[in-house]
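Alright, structures below, take your time with them.
Each of the next two complexes has subunit A plus one more chain, namely subunit B in the first and subunit C in the second.
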Partner chain A sequence: MTAVTLGRARPAVPRKYLPVLVTGALLAAMFVAGGVRYEGFAHGQVVLNVFIDNAFLLVVAVGMTFVILTGGIDLSVGAVVALSTMIAATLLRAGWPPLPVMALVLAVGATLGLAMGSIIHHFEIQPFIVTLAGMFLARGLCYTIGTDSVPITDPAFTALAQTRIDLVADLWISPSVLIALLVVLAAGYVLHYTRLGRTVYAVGGSEQSAVLMGLPVGRTKIAVYTISGVCSALGGLLLSFYMLSGYGLHAVGMELDAIAAVVIGGTLLTGGSGFVLGTVLGVLVLGLIQTIISFEGTLSSWWTKIFIGLLLFVFILLQRLITARRK
Partner chain B sequence: MAEPAPILEMTGIGKQFPGVRALDGVDLRLRPGEVHALMGENGAGKSTLIKVLTGVHAADAGTVTLAGRQVAFAGPQEAQRAGISTVYQEVNLCANLSVAENVLIGREPRRFGRIQWGAMRRRAAELLSRLELDVDVTAPLADYSLAIQQMVAIARAVDVEARVLILDEPTSSLDAGEVAQLFRVMRRLKDRGLAILFVSHFLDQVYEIADRMTILRNGRLVGEYRTSELSQRALVGKMIGRELAELERLEDRPPARTTGTLLQAEGVGRAGAIEPFSLTIREGEVVGLAGLLGSGRTELARLLFGADHATSGTLKVDGRPVHLRTPHAAMNHKIAFCSEDRKADGLIPDLTVRENIVLALQAMRGWTRPVPRQQQEELVGRYVKALRISPPDPDVPVRTLSGGNQQKVLLARWLILEPRLLILDEPTRGIDVGAKAEIQRLVAELSDGGMAVLFVSAELEEVLRLSHKVGVLRDRRLIDELPNDAALTTEVLMETIASGGGAVPGSGRHDRGDGGRS
Partner chain C sequence: MTRRLLWPLLVLALLLALNVAVNPAFLAVQIKDGHLYGSLVDILRFGAPLILVSLGMTLVIATGGIDLSVGSVVAISGALACLQISQDAGVFTAVAVALALSLALGVWNGFLIAGVGIQPIIATLILMVAGRGLAQLVTDGQIITVNSPSYKLIGGGYLLAVPFSVLLVLAVLAVTAFLTRRLALGMLIESVGGNAEASRLAGIRSRGIVVTVYAFAALCAGIAGLMISSNVSSADGNNAGLWIELDAILAVVIGGTSLAGGRFSLGGTVLGALIIQTLTTTVYSIGVPPETTLLFKALVVAAVCLIQSPAFRAKVFRRRGRPAAEPAPEKKAEVPA
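Then we have the complex of A and B:
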């Protein structure tokens, strides 16, 4: 007996891409169905509008993807988004120039994420409870700054809100979409071409093994919560471009939208498997549901929640089937 | 033949844990280009020695020298950097990553921080082909069997300029073909000048692969031997040792008053734990189970108690087939089980003696029907007296009692249920000679009273003294069943264990039926 090959027949599509493909197929089906059913739906701008309306959610969900890939969870993101809009609006009203405001907002997000990550790692506390505390803290801080909505009149911010970047034909996107897509590309690169990214997957696969393999597990865990904090702060800035206001009641429940998008995008909640591309598709699915319901016209917007709920059930069951077959 | 100088020498290693002397003056020498087996029963100190070597525990005494320099590692990673790699029984890799990543993660080839995937795949494939392993390195590790995963772990371990490779029970979940492949890899590595420390419970495997062995018993060094110069029988004798000669002899055991068959197991087995076996236990009979630790004794007992589910065979109580899906079901059939590890599985240290004793009775009644206090005290008082539990105060926390008395408390817990079959797993382990004798006396009395007892012990003398019939286990198989008559001596038992009984020894576990792991 010479070298033994004990591999199994490989399927045409590696199983790890399966959830992403399912989400992609779902998205295509939704778009086709919408195009058949509604006049004016099958237009490129409809898709681009989904991006425009959800650019902030996309950025937040990318950060969440990092956290969920390690098997963690970050419940603080929505509150950090709100805090970011509040800080930005208040400082701009006080006359700060826009660039330092943006830098400060990002720094606050990073600090919060770093703090939560450090607590999770050093005190070995479940991420659920640490980020829940972070959520209350950030949301509470919004109201210490102010209880009312603060309008943003800064010219740079309004310019960013109103600029159209023209593409071919009469299609256009907002600067926020561009920023969000850059974040997606950067995240994809980090996850697949750097040690940090691969360690994220290893930690999600088996934290104990990762420790025994000599990987910097603690540093990586702290890093993903910091990344999620920065993404939330950036998402907050994009939301303040979109809303042109800062308010403590912005982005209520956005953490759950972000988690839903990541899961619908095929990332395993237990960690170790998933792609940023899936998260993009997940955000698009959520956005497209909203679009379809507004095209339908007669349905209340709460149907969005019902469809998201049903989709989540289906996708969680799908994940279960895929992981069960692996064993 | 000139012997190569040892690359690694451990001398006079001592390690004390609270209450236990885990290692006492142990030496170990590993030579390059040799496979060295570390032998001993569970609890003999093998794992502790490995942990001291790899820096998980610090030694209290003794020195470790690697290639002539004295070393003391602060942790496995430091040991690995110095060239001592360990592959554990549980594969410690990330099954969600590709094979290539598992071999190289943490030291991927990079350029400007960017991982060079092409170079990484080539390097991983090259390392694996050196181990005669031809697998698709881009596939996730989860696609491959445990054996392949183990070899990927070895590939990872030897890539870091390893000089010493420790394989801690690598074969325990492999089938015969996979073991053969692992051995080919080990021989290759040996030829490359690696020193390999091999830990296994399977004697045949040790004799197949090891050049030399070090035997431990009770944390002490028994000796270092060449495999070719030590018979399997002598090895078993050295591993078990004899220390009970001075113990009081029980009078001649009267033959069991076997009234009827109590329990009958036909082809009962559990994949991965114990191969299908058939065993009959009659009322009033003491059935001993002999075999090395890890030979499947506890696994067999747990199946009879329903603590694990059997994957094959039928079990009959009083001639009627029963399904013992849970311990509760077994208790309904009046089967009781005194577990081996009284600290982890049995007693609750902070509860009092009384509370610990009534626990099983309470569990049988369900929490809605508490045992009346008066009945508790009456029952407990009776057994504290009958078993001579000391101190005879039922309201002290059980952790304050000595090991022997704790064991008696555990026994009392099951005896108040008045079981028909009492399974005792290592009831005399770690307790002093006097308490041992008392527990043995008690077993004899109980069986005279008509109770059937399944008695599991590592001490052959004890098994012989008490049992009417002895089942011999080896490599997770019940290989023989011997009536305890004048012809049965510890020598015969040891011979049976060492030779694998009348059956073909082989490595004994070819048909495990769960090879399709992926």
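Then we have the complex of A and C:
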């Protein structure tokens, strides 16, 4: 499907870029509207703050993009994020050095993802159910480790949390943003320039065709859940830099935010079509909604949810129109 | 009983046996103050909202769909009813308004799916996200507390010694079973789930059926929301019915209904919901620390789903037959590029 669209759409305006362009336009419109309406909004640091406050969500959403591109879904991401913060905080408190802790957290995330992917592929159980069980498992592990919030006092972690990387003028970002951007670049490279990435699109376009083409469908499906697991674990590390604590109730409902970001970014939930760049824009839109609501001051926090719901509706409708016209 | 219900029944029996082993008086049901009283009654009473939501979910899943918004509908319905009562409306009016809104939300879901043609999981995701916000908007972010004995009856009261909520569930179950198994509706739902386009060509109004099942699911969720809020005499827009959609989907899957649609088992769903509720009770009664409840749940869910997976049974069976075979042979042949 992707290949066909590529060949046909080259000369005209590539239709597959339309959702991403619309999200980008929306983001720009939101920023301009905010800048006109609120004093101090039209400042580079406001945008950078959105990145700083959502670096962990960005990493998690990138992993989710891989899964959704194959037509699957991963409900366990929020729980894996929480588990990562919990493991990191507990081990650091026990006196482990930071590097082995980070390695172990990433390994745990990869193992969980690998296990879920393997069950989904080998035993043919729906991703929805398997990752749901994974979500219960990871949250359950969190509470088994401890029910209280564990503060992180490790110097390396606090340094990562407080370091400001100065850009031009008085603008700055946190190291987490750099890590998140690196993840985005790596994901973009993998999706568009490697065999694995192209197989991900092929599996999402039509799993049956991919099998008939001789593509390693099973391996790819297991790989995307592993990638999502690693991304969630990394997201968990970034969250523990951000919060400087580990807690079983961190990141409740983050799977929804990640899925919403991916959908707003123009990725089809049926799989096979979408871009990591779209996901980045989706995360930014979600972050900017929160920024606007905090600038507005009088709006209560639940308006965030209502706006996100509305945006989801608009974008899904748009996608529907685009896919309908393609037929 | 069909063979499909065998595994869920076994798991439920096992859980109950585990309880009896720890506490021999577990199965005892007494009458205290004219009310039925005992652990089994508690399981039914606390499980009533989940059973209701799962019943609605069963029909939705039978059409090949899924409804993620039921938890939000639970919150909205409870919030609206409590708001009305706190503003001195009659209980009957409050219940009617809450159920009417739930029904409308269900029709909205159905319209998005059947009318606009959006995938069910996304269409209901919209209401799942926005609905929580709406529920908090209704309660203004507060927890509304009500003091109305007649409203309390719905979730916490007793009628003829039996918990009213259990009677309500039985009534809904009976009506659903009659409509789907004694009339053609059940077959129509299954045919839409099997192949929506083919059933439309066969003369079935598949769109109408789809809208109906989502409206029914939302109505069930609405009633469950009334039960939950009435049981605690308050409405919490943030936490009421949180994650109940996931429990309901689990109950349906444990009950042997395939997520792919095309067939469903109401009895299996009730069993599934009872298993989940019994699991929660078991965790408390056998003294598993409450922190590990979720862990325990994850393991049981994984076990039940694995047992029910034909691929799993085939592989385990094959491996047992040929001990020397390599672990889980790769199914798809890989062609070198």
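Following the convention adopted for this analysis, the second predicted complex is superposed on the first by the 315 of 327 C-alpha atoms of A that agree within 3 Å, B and C clash if a C-alpha of one lies under 4 Å from a C-alpha of the other, contacts with A are read in each partner's own complex, and residues count from 1 in each chain.
In this section, contacts are C-beta pairs under 8 Å (C-beta built on N, C-alpha and C of every residue); 3 or more make two chains touch, one makes a residue touch a chain.
Computed from a predicted structure; not experimentally measured.
Engineer: Determine, for the superposed model, which of the two partners subunit B and subunit C contacts more residues of subunit A.
Structural biologist: Here the partner covering more residues of subunit A is C.
Engineer: Would you sort A:Leu141 into first (subunit B), second (subunit C), both or neither based on which partner it touches?
Structural biologist: Touch status of A:Leu141: second partner only.
Engineer: Could you look at A:Gly214 and tell me whether it touches subunit B, subunit C, both or neither (first, second, both, neither)?
Structural biologist: both
Engineer: Where does A:Arg195 make contact in the superposed view: on subunit B (first), on subunit C (second), on both, or on neither?
Structural biologist: In the superposition, A:Arg195 touches subunit B and subunit C alike.
Engineer: Would you check which partner chain A:Ser273 touches, where first means subunit B only, second means subunit C only, and both and neither mean what they say?
Structural biologist: In the superposed model, A:Ser273 contacts subunit B only, not subunit C.
Engineer: List the residues of subunit A that touch subunit B in one complex and subunit C in the other.
Structural biologist: 195, 214
Engineer: Under the stated contact criterion, what part of subunit A meets subunit C in this complex?
Structural biologist: Going through subunit A, the ones touching subunit C are 73, 75, 119, 122-126, 128-130, 132-137, 139-141, 143-144, 147, 195, 211, 214, 216-219, 256, 259-260, 263, 269-270, 300-306, 308-310, 312-313, 316-317, 320, 324.
Engineer: Under the definition above, what is the set of subunit C residues touching subunit A in their complex?
Structural biologist: 66, 116-119, 121-123, 125-134, 136-137, 140-141, 237, 246, 249-250, 253, 259, 291-299, 301-302, 305-306, 309-312, 315, 328, 330-335, 337
Engineer: Which bits of subunit A are touching subunit B when the two form their complex?
Structural biologist: Per the stated touch rule, the residues are 2-8, 10, 14-16, 192-195, 198-199, 201-202, 204-206, 208-210, 212-215, 272-273, 326.
Engineer: Can you name the residues of subunit B that touch subunit A in the complex?
Structural biologist: Contact set of subunit B toward subunit A: 76-77, 80, 88, 92-97, 101, 105-106, 108, 110, 113-115, 129, 132-136, 139-140, 142-145, 147-148, 156, 181, 518.
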